[in-house]
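What follows is a set of structures to go through.
Each of the next two complexes has chain A plus one more chain, namely chain B in the first and chain C in the second.
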Partner chain A sequence: MDIKVLIDYLPLYKEALLLTLKIGWLGILAALVIGIAGAAILHFKIPVLKQIFGVYIEIFRNTPLLVQLFFIYFALPKIGIKISAEMCGVLGLGLLGGAYMIETFRSGLESIAKIQTESALSLGMTKGQVLVHIILPQALSISVPGILANLIFLLKETSVFSTISLMDLMFTAKDLIGMYAKTIECLFMLVVFYLIMLLPVSIIGSIIERRVRYAEFGD
Partner chain B sequence: MKNNWLKKLLATVATVALAGSFLVGCDSAGGSTDNTSGVKYRTLDEIKASGKINIGVFSDKSPFGYVDENGKYAGYDVYFAEKIGEDLGVEINYVSTEAANRIEYLQTGKVDIILANFTVTPERAEEVDFALPYMNVALGVVSPSDAVITSLDEIGADDEVIVISGTTAETYLTKNYPNIKLQKYDAYAQAKTAFENRNGVAWANDNTEVIAFAIENEGYTVGIPSLGDQDTIAPAVTKGNETLLKWLNDEIVAIGADNFFHADYEATLLDTYGSDYEDELVVESGIVK
Partner chain C sequence: MQSLGIDVLFKGTNMLRLLQGLWVSVAISLISVAFSIVLGFIVGVLMTSENKIIKAILRVYLEIVRIMPQMVLLFIVYFGTTRVFGWNLSAEVSAIIVFIFWGTAEMGDLVRGSLKSIPVIQYESAKALGLNNFQVYFHIIVPQTIRRLIPLSINLITRMVKTTSLVMMIGIVEVLKVAQQIIEANRKASPNAAFGVFLVVFILYFLICWPVSRLAKILEKRWA
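Now for the complex of A and B:
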C-alpha cells in the first residue's frame, strides 16, 4: 500500500464523510419525527391517518432505498417536481427510516401490558399522567435497541447515494478507483472511514442502552 | 454485558489491523506478477482450453455496446467481440461493465478482454495493456439547443456539468478545468436521464457518444464537438497477459486487411452517424492516420 496515496486522498474522503454525515443525520432526524408521529397515530388508532400511514409503511418497507431514490430523483422531474440531489437523499432516507422507526416505536408502546394503564387509572392518575409516567418511560427503554439498529442501518444505506450523483464515501472511492486505479488504497480508506463514522454510534449506543435499560439489566 | 463497548472497540481495532496487514502483505508478495495489486489473468491457451472467453462490454452505451430489443448484446464493440470469438473458436460470455470498473474487472480476472469503448490514456496504460486501436475519439460537450454551450468558459460558477465516473471526460475536466463543478454518475443511463431532466447545463463525454445523443434526441446541440487531444480506443487485457495481447494485435492487423472495421461501422454505426464520420472514426489494422 502506498502511504502517499492515502495522504493525497484524505481531503476527498473527509469531504465525503462530512456529506454522508450531513445527509445521514438529517435523514435520521426526519425518520425519528415521522417515527414518533406515526407510532402515536397507529397506537391511538386515529381514523384515516391510520390507514394512510399503514399504506406508507408497506410501500417504504417493501421497496429498496435505491428504487425510492431513482423514483424521487429521476421520475418526479418528469412530472415537474424537481428536487436537489441532497434534498432527495434526505427525503429518501427520512421516508425509508420513518417507516422502520414507526414499527420500532410501536413495538415499544404495544409491549406495555394494558393492565398497567388500567391500574394507573384506577389509582386516580389522568390519561396524560399515565402516558408520561408509566407508558413512555418503559416503551422508550424497550425501543432503544431497535432505534440504534435503525440508526446504523440508515447510515449504511447512504452507500447507494452514488446513483443520484451525491459524492458520498462509497462513490468517492469508486470514482477515485475509476480515475487513478489505486484500488487497494481506496478500498482500505473506505472501510476505515465507514468505521470512523459508525463505530462511535455503536459504542455510544451501547452506553446509552445500558443507562436507559438500567431496570432490565439491573447491575 | 459489562464493558460491551470496550469489546466492540477491541474487535474493530483487531479487524482493521488484520485487514491492514493483509493488504500490506498482498503488496509485498506481489513479486510473482509485474503488478503490485496481485493481478490474475488467463493465457491464450487457457482460454482456448476452457472454450469460453469473457469479454467486458457496455450494456447501455448505444450504438457501441448495448443490449438490443431482443435482449442481445449489439454495437460496434460487440461486432468486433463476435469476430474475436469466431476466430478464436470459443464461445463468448459477455460481462456488462460500467466505465469506472473496467480496470478492476481486468485486474481481478473477471474478464479476459475489455471491449467497452476504452480510450487509451497513459494513466490507464500503467494498469492494463492496450492492444492496437480500432477507433478514434475526442471529447465533446452537448447541451440543450435553447442554451447551447460553445466554449467551456461560458459555464458559470454555479452551473454543473454532467460526466460519467471513470471516463476520460471526467479526468480531462478535473485536470484542466478544476473550477468547473462536475455532477458525476456511475452509469450512462442515469447520466442521460439526469441530463434530460436538466440537472446540469451540459454533458461532457466521448464526442462519438454526445453526437449520437444529439442525433437521437431532439432539442440538443453539440456545442463543442472536439475538446482536448485526439485519442484512440483499443481493446485492453490484464497487465502482463502477453499471449492474449499478441493474438489480439495479430488479429487486428489481419482483419484490417479486409477493412473489417469499415464493415463494422456500416453494420452498427451508419444508422446513427451517416457516412460522414466513417473515415474519421474507423481505424484499420491499428494504423492511425
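Now for the complex of A and C:
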C-alpha cells in the first residue's frame, strides 16, 4: 500500500463523506418525520390516510432503493417531473426510510398494553396526558433499538447514490479505481471512511440502547 | 401509452430479456439464501456458546456485516481479491460470496435471538427429566425455534432479492442493466422509454417481494 497515494486521495474522500452525510441525514430526518406522522395515522386509524400509508409502506418496503432511485431520477423526468440528483437522494432515502420508521414507531405504540391507557384514564388523566406521560415515553424507549437499526441501515443504503451520479464515497472509490487503478488504496480508504461514518453511530447506539432499557415497565 | 414507452417492451424479445435479467438476481439470491440458512444455523448456535474466543470472533464478524454496506463488500471481493491474491473471481461468484457472508450473519443473529427467547427453565426441566444435550436441542428447543424462524427466513429472501439489485455495479447483467440497454437501444424511436421500462422494473420487483413478505407476515401471526 502506498501511503502517499492515501494522502493524495484524502481530500477527495473527505468531500465525498460530507456529501454522503449531508444527503444521508436530510433523508433520515425526512424518514423520521414520515415515520412519526405515519405511525400516528395508522395507530389512530384515520380513514383514507390510513389506506394511503398502508399502500405506501408495502410499495417502498418491497422494492430496492436502487430501483426507487432509478425511477425517481431517470423515469419521472420523462413525465415532466425533474428533480436534482441530490434532492432525488434525499427523497429516495426519506421515502424508503419512512416506510421502515412507521413500522418501528407503530410497534412501539402497539406494545403498550391497553390496560395502561384505561388505568390512566380512570385515574382522571386526560387523553393528551395519557399520551404524553404514559404511552410515548414507553413507546419511544421500546422503539429505540429499531430506530437505531434503521439509522444504520439507511446510512449504509446511501452507498447506492453513486448510481445516480452523486459523488459519494462509493462513486469516488469507483472513479479513482477506474482512473489510476490503485485498487487496494481506494478500497482501503473506502472502508476507513465508512467506518468513520458508521462506527460512532453503532457505538453510541448501543450505549443509548442500554440506557433506555430502564424506561421499560415491568419485566 | 405510446408516449410513455411501455410499448418498447413489446418489441422483439425485450420483455423476455428483462425477465431473464430478473431471474439472474433471483437466482443469485436463492443460492445465497440457501447457504446462509444452513451456515446461519451453525453461527447462531455458536453465538450462544460461552467460549470467549468464539464470542469475540463472531462479534467482530457481525459488526463488520452490520456496518459495511453490501456494495463495499462487493467491491472488496470483486476488485480487491484480484489485486491481492490474484484470484479471478467472476462477478457472479463474488456476488454469491458476499451475499452468503452477509446472509449468514443475519440468519445467525435471528437464530441466536430465537434460541435466547426460549426460557432457560425449559433447558433445565428437560435436563432434569433426564434428556441429554442433543435430545434437549432436538426435541425441545429446535421445534420451537423453527416456527419462529421460518417467517424470519422468508423475510431474509425478500431482503436478499432487494439487495441483489446492487450486483449491476460489478457488471452483472441483471434486470436494471437490461433495462438500461433497452432504453439505450430505443433512444431514437421512443425517447420516453425510461419511464415505461423503469416502471415495469419497479412493478416486477414489487410482484416478487410483496407476496413473499405477505406470506412471512401471515406465518408470523399464525405461529407467534
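Note that the second predicted complex is superposed on the first by the 214 of 219 C-alpha atoms of A that agree within 3 Å, B and C clash if a C-alpha of one lies under 4 Å from a C-alpha of the other, contacts with A are read in each partner's own complex, and residues count from 1 in each chain.
Just so we're on the same page, a contact is a pair of C-beta atoms (placed from the backbone, for glycine too) under 8 Å apart; a residue touches a chain by one contact, two chains touch by 3 or more.
No experiment lies behind these values; they were computed from the predicted model shown.
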Chain B versus chain C as contact partner of A:L29, first or second or both or neither: neither
Partner chain(s) touched by A:I177 [first = chain B, second = chain C, both, neither]: both
Touched partner set for A:T163, first chain B, second chain C, both or neither: both
Touched partner set for A:V192, first chain B, second chain C, both or neither: first
Contacts of A:I135 with chain B and chain C, given as first, second, both or neither: neither
Touching partner for A:I83 - first (chain B), second (chain C), both, neither: neither
Contacts of A:M125 with chain B and chain C, given as first, second, both or neither: neither
Touched partner set for A:T63, first chain B, second chain C, both or neither: second
Touching partner for A:F74 - first (chain B), second (chain C), both, neither: both
Footprint overlap on chain A, where chain B in one structure and chain C in the other make contact: 74, 77-78, 162-163, 174, 177, 183-184, 191, 195, 199, 202
List of chain B residues in touch with chain A within their complex: 1-2, 4-5, 8-9, 12, 16, 19-20, 23-24, 26-27, 37, 99-101, 103-104, 107, 123-124, 126-127, 165-167, 170-171, 174, 183-186, 190, 193-194, 197-199
Residue ranges of chain A in contact with chain B within the complex: 1, 73-74, 77-78, 82, 85, 162-163, 165, 167, 171, 174-175, 177-181, 183-184, 188, 191-192, 195, 199, 202-204, 206-207, 210, 217, 219
Chain A residues touching chain C - in the complex, by the definition given at the top: 58-59, 61-64, 66-68, 70-71, 74-79, 152, 156-160, 162-163, 170, 173-174, 177, 183-184, 187, 190-191, 194-195, 198-199, 202
In the complex with chain A, residue positions of chain C that touch it: 4-5, 63, 66-72, 75-76, 79-80, 82-84, 158, 162-163, 165-166, 168-169, 176, 179, 183, 191-192, 194-195, 197-199, 201-202, 205-206, 209-210, 213
